[in-house]
């Protein structure tokens, strides 16, 4: 997409989240900083209705309960019917059996358009041998580029593996996003925010692979710019929001660092 | 009230919140920055007891569930018995039927002293034709000044409609608060924090209409001062807290921008 | 312990939290800033499994429900079996009977290694006459140093009473930590973060009394350094994270302000 930021800021898509209680504020605030409208709503009674007026749905199982997974499935069915993108952030898959089971339950019940996680979370989902240390990736033996492409192909969706380099594939095309900065890992919530940003870009771009690539490039570029001004995680986080809000398509396009594979 | 800030800082009223999971930290932190003591407690088993030691109750339905609404009603009944102010932030009314129904359930079960929302939320509550885009106001056809005054009169309470200009009425008097800055809309949670600030001022001022007016003027003035120093939503939010904590009654009184109607 | 920070940053212990919804982000982010890995997970179905891969468990009853207390007890039993430290932050004990009862339920069901609270919370737990104003300490008549030592002795655990001076005892030894700054009380969540930091230090130091002392000294020193650069609660919080992340064992050891009693 040529100018995703302008499109987001002009159309202000509503991005419905059912997410975790740790980073829920930052997921909302980052969505807002990019120019979209976040709404967080998890009651089963309104889950479908809220998705019904949204342009994208972001699910995050970071602090999942059975009840919350139920609401996610209701909303995802509504999103499937309406053909708006569903992004699943598979936080902590590979850490406990319950997370593995609940992620499987979502994936068996509805179509997820973008499955996102860190290297070990996605490797575990894809059936590889992998453990996650709480919500932190551990190193995996298999090649993430292969996993992303094969898993995306098998599920007819887009797969995003975030890490030092972000791997994105829809089963045919593959992208390696090299934008970003180590400081992004110094604060809690960057991964969750990335899922919100992917949802935001996918809300205005029906090519979800392209949307995920743009989202992670732009997000990473804002992180690079913020890191230049920062002296630690506190100042970094503050500048991160300023840089996202101040980003333009022109500025971002001149800083893209992405390869196809 | 002549010097509300000094009164708040000297008496340190306890402001009990049953609120949403997105902005719960900022509601607490803003209450603290103004000088009051926030407490967030939503278990039904302690809802009435916690309200029983508080000086104001703030309810916010941003991430409502049936269970949470139940706790809100228990607390509001305790507040009514104790004659301390109940502030309801009607977040997202007009977005889903569930929110409309749950807000109505609260309003039918207890006396709410200050009903607060954005233009479309309050218009919807007042029976006008209005939709809310998630938790974001959409433009309404009717005159908000008329809605606020008539709705306040019909419910014998104070009505607050927040937006570019904040409209406040108790059915007889009406105020238009013009303090504030666009930057306040650049971050998530300003509306929720405003309800906390109204609760804080109402905790020390039995004239709730006057308290709401002072609260929104002071809150807006701190926003104006913070905006002067900010380069985006990250720096704005940081300075906002500093300016609130550094505000004095003298400084605020010299910057009031409010009209009667 | 000679160099706790280096040990934390090299071993990156996983610190499992079941905590409150107000400060959950800051508990996680402060744990991360010290160099450990936080994970927040409260579903009963995974509580024991998540604790099973962790090096410490931090429980915080700030926004307790019966259900959440159940998950805490499941996790604490798993921690007891695995012999990893359990830290309980007794937020709001002394404010409502429900909090008193639920704290007692935890303490009757499992072994808690570090019981932490403000002066009135711990005094109440220890059977003294004390009230808590929401989650804010009120002054107590009894001597906190005596309470900490006797209560720790009676329960064979470490007791931490936080306030202007932090009191720590394992029943035999006692410490008075004088590091810290008034600015730490200007933001919501410092107390909760302190419990996370104690959990982080206890994860790498089997002498939990020593770990708690180091944790509160280091935490207080970062607060002192941040306060020097701050103009209010907003700037303070930002700098606080930078100073924690930038702290070294050498720098901290040179600024210790602690007495034995």
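Chains here go by letter, A, B and C, matching the order in which they are written, and residues are numbered from 1 within each.
Quick note on the criterion: a residue touches a chain if its C-beta (ideal position, glycine included) is under 8 Å from a C-beta of that chain, and two chains touch if they have at least 3 such contacts.
Treat the numbers as computed from the prediction; the structure is a model and nothing was measured.
K.L.:
Pick same or different for copies chain B and chain C, depending on whether their interface residues overlap by over half.
P.N.:
Mostly different residues: under half of the interface numbers shared.
K.L.:
How big is the rotation, 0 to 180°, that puts the C-alpha atoms of chain A on those of chain C, in steps of 5?
P.N.:
Rotating chain A by 120 degrees superposes it on chain C.
K.L.:
So, what's the distance in Å between the C-alpha centres of chain C and chain B?
P.N.:
Measuring from centre to centre gives 32 Å for this pair.
K.L.:
If a residue has to touch 2 or more other chains to count, which residues of chain A qualify?
P.N.:
Residue numbers touching two or more other chains: 21, 25, 237-238.
K.L.:
Mind listing the chain C positions that touch chain B in their complex?
P.N.:
On the chain C side, the touching residues are 20-23, 25-26, 62-66, 92, 95-99, 133-136, 186-189, 231-235, 237-238.
K.L.:
Spell out the part of chain A that touches chain B in their complex, as residue ranges.
P.N.:
Touch list, chain A to chain B: 12, 14, 16, 21, 24-25, 28-29, 32-33, 37-43, 45-46, 49-50, 53-54, 237-243, 245-246.
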